[in-house]
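Dropping the structures in below, format is structure tokens.
Presented sequentially are two complexes of chain A, the first with chain B as partner and the second with chain C.
Moving on to the complex of A and B:
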């Protein structure tokens, strides 16, 4: 698994195309929000949390398919499947890769977003990486599964968001609530964090169990 | 199997029609007006059974999908597809009847109540499932992908339920019903369940026939 992960990471270090393009895209989405709604409207913790998560979901979605597209285009995926490893392990490697890249993008994009939206600093923001991490894990779990699934179909660009977005709604509701509470300066976690955690656990396990069915030839 | 098919073909359509007529009579003639909401409340007897069938559809899709992944038989796959399509029809019906009811009672066609939100998200998951089938074409691989979506979709329901419930809530809860109301609800549920089963059966049969036609066509091409 670590070898597989290292392969993806190495590829990314050499090309830097995924992280950099996602980062630019994330900033563009924030910019579009500000332009479309006017800087006076895009303020406050609720809007801030919403912008943060919409940015993450839409930029992340484009990154998901890249993880499989490279191998799909050059026919390397069959080669990976021929390796003497469990397909579930392949899923975990791709999942950890996606989580790493998204965390990397957000480690820069999230602070920049907060600054652009003029959100005030508070100590509760120290917990923001944790919330981002939990959200990204859930997003990547379903995202990796469905990216692997759609990458070999026709109309994959439209099918991935159509399948992924409705399933992500519980995650998004929970994540946005925790984040907006945090931005408002409350260290209020409670039940929403548990929803996030449950989402992560359920879909990482489901993905791991069901992935072999997806990649089977 | 053979006897089941005869039942589905001969008995079920008449059973559905009969029950539906009785249900209509119950709803419009037998059951009394609800005290506060008046006649508008009568749509509830169609609304709630349709909502039950929407959920039932999800569980059939998931069950058939799991069976398909496990055994790889064509029948489970077709059953999942038929149940998804019919489930979506009922889901649409829930939304439409709900809107008609909400207009006089709540004063709006739509509001972001948890159950409304939930139904509309279920509708989107059904839509995604059907889109996958339509856009990606019909083959063994897509069948397996659809099965994955069916199973993940049903796993999403409890989380979705908790999330939207915590989010907000004004949906009326049924507290105490007069015996006439309970009877009407039971009759309507039975009628809708029969309709549900019959529609799935019709769709399933047409899918099986489509498979047979495709097989025959391949034979013809091979011979000529």
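Moving on to the complex of A and C:
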């Protein structure tokens, strides 16, 4: 798994294609929202949470596809399948890579979003990285699975969002609720945090179990 | 007799079109098998099934006496296909380091230096693969295949894109593997190169093994005559579905 992760990180350091394009896209989405909502207005926590997660989902989808597109050139995906590596391990390596890159993008994009939307500071915001992490894990688990499924199809750019977005709805509802509560100054957000955790566990385990069937020709 | 490959009635269909049709064969350790046939005969599909990259639609395949899906079986395979399986934005050393880790190659740095020398790319070790010519990339792909010292080597038209020096390097590497008792299966349209190494020759046409040499490999002239008559014969006997 570490060999695969090392290779993905090395490729990203060499090309800088993934993180830079994700970051630019995330920033553009936030700016569009700021302009649409009125740049002078101070936004409420619900709006702030929604913008944060919409940005993450749309920029993240670009990153998910890129994770497998780098394997398509020169047939590298076949090379991976030939290696004596269990497909479940391949899934975990791609998942960890996606989480890593998205966390990196969000470590810049999230503070920028909060500042541009003029959201008030509160101590509960210190727990925001944890919520972002939980959301990103669930998003990446489901997304890695579907990106692997769609990458070998001609209509992958359309298929990935069409298949992924409906299944992300429970995760997004929970993530927006938890984030919105945090932006409003509350720390304990009860049931929605457990929904986020459950989503993560279910889709990491499901992905690991069914990935061999997904990548099999 | 210990069989490296046991294929029983292998069939592979793509969108209901049979590309491999009831192929059966047994290949022993140390054999070098040349697979010849026209374009679209099913040679590549045959090799990809043997390499575990394609699952047969029907039939049974055993490699080294075990299921081809076992990780320890894949550890013993080396496949050189039409694509190099190399990351163009990494250098040869980085590519080989990645594959070396995936195959848990012992004493990896020495082994990487050895295979790079073997394919004549030792001075290009730190240059990104994207800048390589087709022939250089094919040589590096050969280094990738040789890196983990596989027991079964599957080569799909390995001479493609190679210059005279590259062909000589490949011939020498294959002769070395043959001397070590490794099993090699290669497809090629170059009868002279293919037959030079073979201990057995197969002609594949329309997804079937249409002819198989018995005991001795014929000369190139004999083989060409045999090849054309087999293809002609096969065309009349097996209608297209």
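Some observations on this one:
Going forward, the second predicted complex is superposed on the first by the 214 of 217 C-alpha atoms of A that agree within 3 Å, B and C clash if a C-alpha of one lies under 4 Å from a C-alpha of the other, contacts with A are read in each partner's own complex, and residues count from 1 in each chain.
Operating definition for what follows: contacts are C-beta pairs under 8 Å (C-beta built on N, C-alpha and C of every residue); 3 or more make two chains touch, one makes a residue touch a chain.
Because the structure is predicted, anything quoted here is derived from the model rather than measured.
By the touch criterion defined above, A:216 reaches both chain B and chain C. By the document's definition of touching, of the two partners only chain C reaches A:83; chain B does not. Of the two partner chains placed by the overlay, only chain B lies in contact with A:202; chain C stays clear of it. In the superposition on chain A, A:70 contacts chain C only, with no contact to chain B. With both structures placed on the common chain, the touch criterion links A:104 to neither chain B nor chain C.
Of the two partner chains, neither chain B nor chain C is touched by A:50. Taking chain A as the reference, the larger set of touched residues comes from B, when chain B and chain C are compared. In the overlay built on the shared chain, the residue A:10 is in contact with chain C alone; chain B does not reach it. The intersection of chain A residues touching chain B with those touching chain C, taken from the two complexes, comprises 216.
Across the complex, chain C meets chain A through its residues 51-55, 71-72, 74-75, 77, 79, 81-90, 94, 98-99, 101-104, 128, 144.
Contact residues of chain B toward chain A in the complex are 69, 121, 124-125, 127-128, 131-132, 135-137, 141-142, 144-145, 147-149, 151-153, 155-156, 159-160, 162-164, 166-167. The touching residues of chain A, counted against chain C in their complex, run 2-4, 6-7, 10-11, 14-15, 70, 73-76, 78-86, 216-217. Here chain A touches chain B in the complex through residues 142, 145-146, 149-150, 152-155, 158-159, 162-163, 165-167, 169-171, 173-174, 191-192, 195, 198-199, 202-203, 206, 210, 213-214, 216, going by the rule given at the top.
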